[in-house]
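In the part that follows, the structures are each spelled out as C-alpha cells.
One chain, subunit A, appears in both complexes that follow, with subunit B as partner in the first and subunit C in the second.
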Partner chain A sequence: MNARVLNFLGLGLVGIVGVAFLVLTPRLAELDTVLDLTIYMIMAILALSLALIWGYGGILCFGQSAFFGLGAYTYAIAMFNIGDSTVPLLLAIVLPAAFAALLGYFMFYGRISDVYLGVITLTVTLILFNSVNSTAGPEFHIGVARLGGFNGIPGIPPLNYPGNKAAVIDLEGMFYLSTAALLATYFGLRLLLASRFGRIIVGIRENERRAELLGYDPRAYKLVTFTIGGALAGFAGCLFANWGNFVSPTIFGLAQSAQIIIWVIVGGRGTLIGPIVGCIGVQWLSAALGANQPSGSDWWARLLANVPLILGIILVAFVLLVPKGLVPTLGDFGLWLVRSRGRRVATSLKPKQAEEG
Partner chain B sequence: MAAPLLQTRDLSMRFGGVQAVRSVNFSLEEGELRCLIGPNGAGKSTFFKMLTGQLQPSEGQVLFRGRDISYAHAHQIARLGIGIKTQVPNVFDGLSVRENIWLAANRIHSGERADNVVDEMLERLGLTGVAKRLVGQLAHGQRQWVELGIVLSTDPELILLDEPAAGMTYEEVHKTAQLVREINRSKALIVVEHDMQFIRMIAKQVTVFNQGSVLVEDAVENILRNPLVRDIYLGKQAAA
Partner chain C sequence: MDLIALLAIQVLYAIASLALISVGLAIIFGMMRVINLAHGEFLMLGGYAAIVATSNGISIWIAILVVAPVVVGIIGIIVERTIIRFLYGRMIDTMLATWGLSLFLVGLTTAIFGNTTVGISAPLGSFQIGDYRTSGYTLFVIAVAAVTLGCIFATLRWTRLGLIARGTMQNADMAAALGVNPPRVYAITFGVGAALSGLAGAVLAPVSGVFPTIGVAYVAKSFITVIGGGAAILSGTVSASTLFGTINQIATFATTPVFGEVALLATAIVLIRLLPQGITGRFFRRGL
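Let's look at the complex of A and B:
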C-alpha cells in the first residue's frame, strides 16, 4: 500500500513539474535558453529509449544511435520528397522500428549472447556511419534529397501542423512539442512497464531461463521491447533533425552511441527518471564546460574545457563509486533516512507507551 | 491400455566424449509419483534438462502424452504442462516474492484471477508474511518454497522436482514431503532426491540411475534392500 502511494506521489510530482516546466519556460526564459532546453528534451527521449531496452529489457544496445540517426535521415529525406511533415514523421518512427525488428530478429532468435549483442549493435551503427559518410557525390540521392556524405543534409524543412504545409511549427512550438513528447513518452513507458508485458520483460531480465521454463518465449518479448526502443529513438531522431534543420553522419558515430549509455549509467538503470536526469545533467555539464574556451596557460581551465576527458572521468567515477546511478542511489539514501528516523521515533515512543500502559 | 503420460525412447545425451545419458527408456503413468535416485553424475539433471527442452537430446525421443517433444523449445514444453523446480533455486532474485508468483500465475490467468491465485499460493506455502520481500534476500529454504510456488502456479500436469529438500532443515523436509504428497493427489511428479529419509516419506516406485543409464526400477522397499543399489549409492547413507 505504502509503495503504491509513493508511486502515485512520484508520478504526480513528475506530472506537475513537467507541466509547469512546459508552460512556464517559454514565458520566463530567453529564446536561446529555450532552444538549448529543447535539445535536452529531445535527447531525453533518446535516453528513455535505451532506459527501456537496457534498464528494463536487459538488452545492452551499444548502437541506439543507429535508430536515432535513421529517424533523423528518414525524416530529412522524406521531407524533401514529400513536403508535408505528417508522413515523414511517421516514416521516421516506422522505418527505425522495422530496422530494429529485423536486426533484433536475427540477434534474439539466433540466441546471441549479451556481449556479442553489444558488439553487433555497435558495429551496425558504425557501418551506417561509414556508409552515409561516403555518400558525398551528387550520384547519391533518394528522390530529390541528396545524402551529402560527411557534409550531411542542411536546410531540412521543419515540422508543420498535420495537413497544412504552410503552418510551420516555430522554435517555441518545437519546445512545446519536444517537452510534451518527452512527458508522453515517460508516462507511456510507465504505463507499459506497469502492464503485464512490462512485468514480464522485467522478469526475463531478472532470470531468462526461469521465464522460459514458465512458458514465456524470451525471444519474442525482447524483440518487441527492442522494436519499441527503436521506434522511440527514431522519433527522437526526427525531432533532432527538426531542431537544427540539419543532420550529418556523426549522428551514427561512436561518440553519440557512447553518450546515450553514459546518460543511462549516470542517471541509473532500472528507472525512467534517472536516464532523463542523467541525459540533461551530462549535456548541461558538457555545454557549460565547453562554453568557456580558455586562453593562455591556465592548465586547470584547459583541463576543465576538455569535455570528453571530463565526461570519461565522470563515467569511470560513476561505474566505480555509484554503480546503481544517481537516482536509485538517492532513492536508497532517502529510504535509509526515513527508516532510521522512523526507528528513532519508535524508540523514543516506547518508554512513553510503557508509562501510559 | 492408455498411453503413458511421459515416455522416453533410447534417450541419450553426449557432451563431447562424455556419455551423460545412455539409452534411457523411461515411462511414467498419469498421476504417478516417481523418485529418481543415483550418485552424483549419474545423469539425473541432464535427463531433466532434456525433458524440459533445456537440452536437446543427442539421440532418442521424449514423448509427452504421445507427442514428440524431443526438440521443442523450453517455453513450448512449459506450455504443454511440464513444470520444473531446479536444483539450485531458479527464481527471480531481484523481484518480490509476490511478483515471482505472479509471473507464473499470469501465464495462465489474467487480471484479478491471477492476483487471487497468487494470494492463495502465498497462503498455501506460508509465504504471505514475506510477500513484499525480495526473493534474493530470503533464506535458502524459503527460496526453495518460492520456486515451488512458481512451478505450482503455472498448474502443470507433470512436475519435475530436482532435490526439493536440499539444504532444508528437518522440519522443512517434513513439510516438503507433506506438500509433495498433497500435490500428487492431482498431478504426476518425478522427484530427484538424495535424502533417503525424504524418499521413504514420499515414494512408492523408485528408478535408480547409474552412469547415465537406468540401473534398476522397483518399489521403494525393494530398492532399499537391493544390494546392487546399496553398493553404488546407499552404502554410506544406509550405514549411517
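Let's look at the complex of A and C:
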C-alpha cells in the first residue's frame, strides 16, 4: 500500500466518521450534550485556522484570538444594526481577514523574524483587549450596538436562514451548521494544501531562503496564508457569538490565545486532524476538570480542578517530551509497528521466496 | 511650573518602572536568546514573596529588597535546571514551554493565595510640589531603578563575572575553549535575571497590588521594551524604556491610562517595524 492510497483511505475515513457524527449525534444524544459538542466543533475550526498558519505556514501567531474575537464582535455589532444575519456573517469573515492582511503586510513585508512576529501578534491582541475592555460607557457605540466594555455584549440575535429574518436557526441547527462547517473547512484545507499553493507554503516553512531563490516570494505567500487563517478564525468567532449569544473582551485574552496554541501543539503541527483532536481533547479535559469544583479544603482536589495549572503542565510536558504532538507521534509509532512487522514477515518468507525465485 | 515638575516626575517614574520590569528579561534574552514568557509570573512571585514576608513580621524594606529577589532567584535557577536547559537553541519551543510554565504558576498561586488582590500599603507617605501632592514611594521606585541599572553596569564593566558573562554572550564556544563552563554561566544568569524580576515585582507591589494574573499586565510591556531596545542589555533597556515610558505617560496625561497603554503598544509595533534589530541595532552600538 503506497502513501497515496493511504492518504485517500484516511480522507475517506475522516469523511465517513464526520458525516456519521453529523447525522447521528442529534438523534442519539441529549440536547445539552449536543450543545457542548457544538462548541467543540466551533473551536475546532479555530484550531484549524492556526493549524494552517502555524503548522503549515510556519507563522507562529500568538494572537489568533484577535481574529476570533474580531469576528465575534463584528457579527454582534452588525447583527444589532442590520437584523438579517447574511451580511453580518460575511462581515465577520471579511473584516478579520482584512485586519489579518493589514497586520500581515506590516510584519511580512517588514521581514520580521519568527520571534518578533510572536511578540507583535501578542501585543496586538493585548491592544485589542485593553481598548475593548475600556469601552464600558454609553458613549462607545457603533450604530445602535453598545460595545459594553468589560461587560461584553449580551443577547446577540442568532443566525437565520438567508433572507428570512424570522426563520432563526435553532440549537440543533447550530450543531448541524458548525459540524458541517468544520468538515467543509477540513476538506477545503486538505484541498488547498494539496494544491500548488499548499506545496509552496510548506516549502517556505521548510526553508524560506531556498524558496525565495527558486523564485517564489515568501512574503506574498505568507500574507495569503495569514489572511486565510484570519478569515477562518473570524468565521469561528461568528459561530461562537451565535452559540453563547454573548461576547466579552476575554475572548481577546491571552488565556484564549494560549488555548489555541495548546490545541495545535498537543495535536501536532503539520497535520490537520491533530489540532482537531487536540482541541476536542483539551476542551473536554478542561470541562471535566473544571466541572467539579471542590468546596472543601482538600488540596489535591483543588489543584486538579485548577484548569490553568493542568494546561500549563500539559504544555510544558508536550514541548519537552512529545514535541511533535500526538497525531504525528502516533503515526510514527504506527509506521514503526508496520515496518517491524513487515521486516519479520519478510525474514520468515525469505527461504521460501528463494525457492520460488 | 509645578505641573511640569509633577509631569516630569511621572514620566521619570514611568521610565523607571518600565526599566525595572524589563531588565531581568533583557539579561535573560540578551544572554541566552531565551524568550521567557513566564517573566510576568516571576514578577508576580516577587510581589507575593514580599507580601508574605511582611505579613510574617519582616521589615518591608528587607522584604522588598532582599527576600523577594532571593526567593525568585532560587525559583529561576530551579526552572532553568528543570526546563530551560533542555531547550537552548530552540527559541520557539522555549517560548512555548515558558508559556506553559506561566499558566502553571498562575494556577498554582491561585490555588494557594486565591483569586483576590492583596496589597501592602506604600511606605514613605507623600510630599508637596506647589499645589500638587505626590507619593514619596514614586521617588523610591526611581531610585531603585537607577541603583539597579548602575549595579548591572558596574558588574558587567568592571568585574570578572561580568567579563565572563559578556564573553559567553558574544561567543559561547570560544568562552568554553578558554575554560569557562557555559551551562553554569547560563544557570547563574537565568537566576540573576529572575532575581531582578522578583525585585521589580516586589518594588511595584505596593503600587499595583498583587493578584495571580498580574503577570499578563507586565509581560507584553517588558517584552516590547526588550525587543525594542535590541541586543545591548543596558543601553537597550534604558533607551527603549525612555521612549516608551515618555509616550505612555504623555498619552495617559492627555487621555486615559488605558489609551496610554495602547499608545505605548502601538509605538512599539511601529518601532519594531522600522528597526527590527531594536534601537541598539542602529544606535549606541558600542554600549553594554
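Throughout what follows, the second predicted complex is superposed on the first by the 351 of 357 C-alpha atoms of A that agree within 3 Å, B and C clash if a C-alpha of one lies under 4 Å from a C-alpha of the other, contacts with A are read in each partner's own complex, and residues count from 1 in each chain.
What we mean here is this: contacts are C-beta pairs under 8 Å (C-beta built on N, C-alpha and C of every residue); 3 or more make two chains touch, one makes a residue touch a chain.
Model, not experiment: these values are computed from the prediction.
**Q** Subunit A superposed: clash or fit between subunit B and subunit C?
**A** fit
**Q** Have a look at where A:217 lands relative to subunit B and subunit C in the superposition and call it first, second, both or neither.
**A** In the superposition, A:217 touches subunit B alone.
**Q** Which chain, subunit B or subunit C, ends up touching more residues of subunit A in the combined arrangement?
**A** C
**Q** So in the superposed three-chain picture, is A:7 touching just subunit B, just subunit C, both, or none of them (first/second/both/neither)?
**A** neither
**Q** After lining up the shared chain so the two structures overlap, which partner does A:311 touch, if you call subunit B first and subunit C second: first, second, both or neither?
**A** The answer is second: A:311 touches subunit C but not subunit B.
**Q** By the touch definition at the top of the document, which applies to A:209: first (subunit B), second (subunit C), both, or neither?
**A** First partner only, subunit B.
**Q** May I ask you to decide whether A:33 touches subunit B, subunit C, both, or neither, giving the answer as first, second, both or neither?
**A** Once the two structures are laid over each other on A, A:33 reaches no partner at all.
**Q** Classify the contacts of A:320 with the two partner chains as first (subunit B alone), second (subunit C alone), both, or neither.
**A** second
**Q** Just to be sure I read the superposition right, which of the two partners does A:195 touch: subunit B = first, subunit C = second, or both, or neither?
**A** A:195 sits against neither subunit B nor subunit C.
**Q** Report, please, how wide the angle is at the C-alpha centre of subunit A between subunit B and subunit C, in steps of 10 degrees.
**A** Seen from the centre of subunit A, the opening angle is 80 degrees.
**Q** Would you check which partner chain A:110 touches, where first means subunit B only, second means subunit C only, and both and neither mean what they say?
**A** The second partner, subunit C, only.
**Q** Looking at subunit B versus subunit C in the superposed three-chain picture, what is their shortest Cα distance in Å?
**A** Between subunit B and subunit C, the minimum C-alpha distance equals 11 Å.
**Q** Find the residues of subunit A that appear in the contact set with subunit B and again in the contact set with subunit C.
**A** none
**Q** Considering the complex alone, what residue numbers of subunit A touch subunit C?
**A** Residues in contact with subunit C: 60, 106-107, 110-116, 118-120, 122-124, 126-127, 130-131, 133-134, 253-254, 258, 261-262, 265, 299, 302-303, 306-317, 319-320, 323.
**Q** Quick one: which bits of subunit B touch subunit A in the complex? Just the residue numbers, please.
**A** Listed in rising order, the residues are 52, 54, 73-75, 78-79, 83-84, 86, 90-95, 99, 102-104, 106-107, 110, 132, 150, 154.
**Q** List the residues on subunit A that touch subunit B in their complex, please.
**A** Interface residues on subunit A, with respect to subunit B: 3, 196, 199-200, 202-203, 206-207, 209-218.
**Q** Once bound in the complex, which stretches of subunit C touch subunit A?
**A** Touching subunit A from subunit C are residues 35, 83, 86-87, 91-93, 95-97, 99-108, 110-111, 216, 220, 223-224, 227, 256, 258-259, 261-262, 265-266, 268-269, 272-273, 276.
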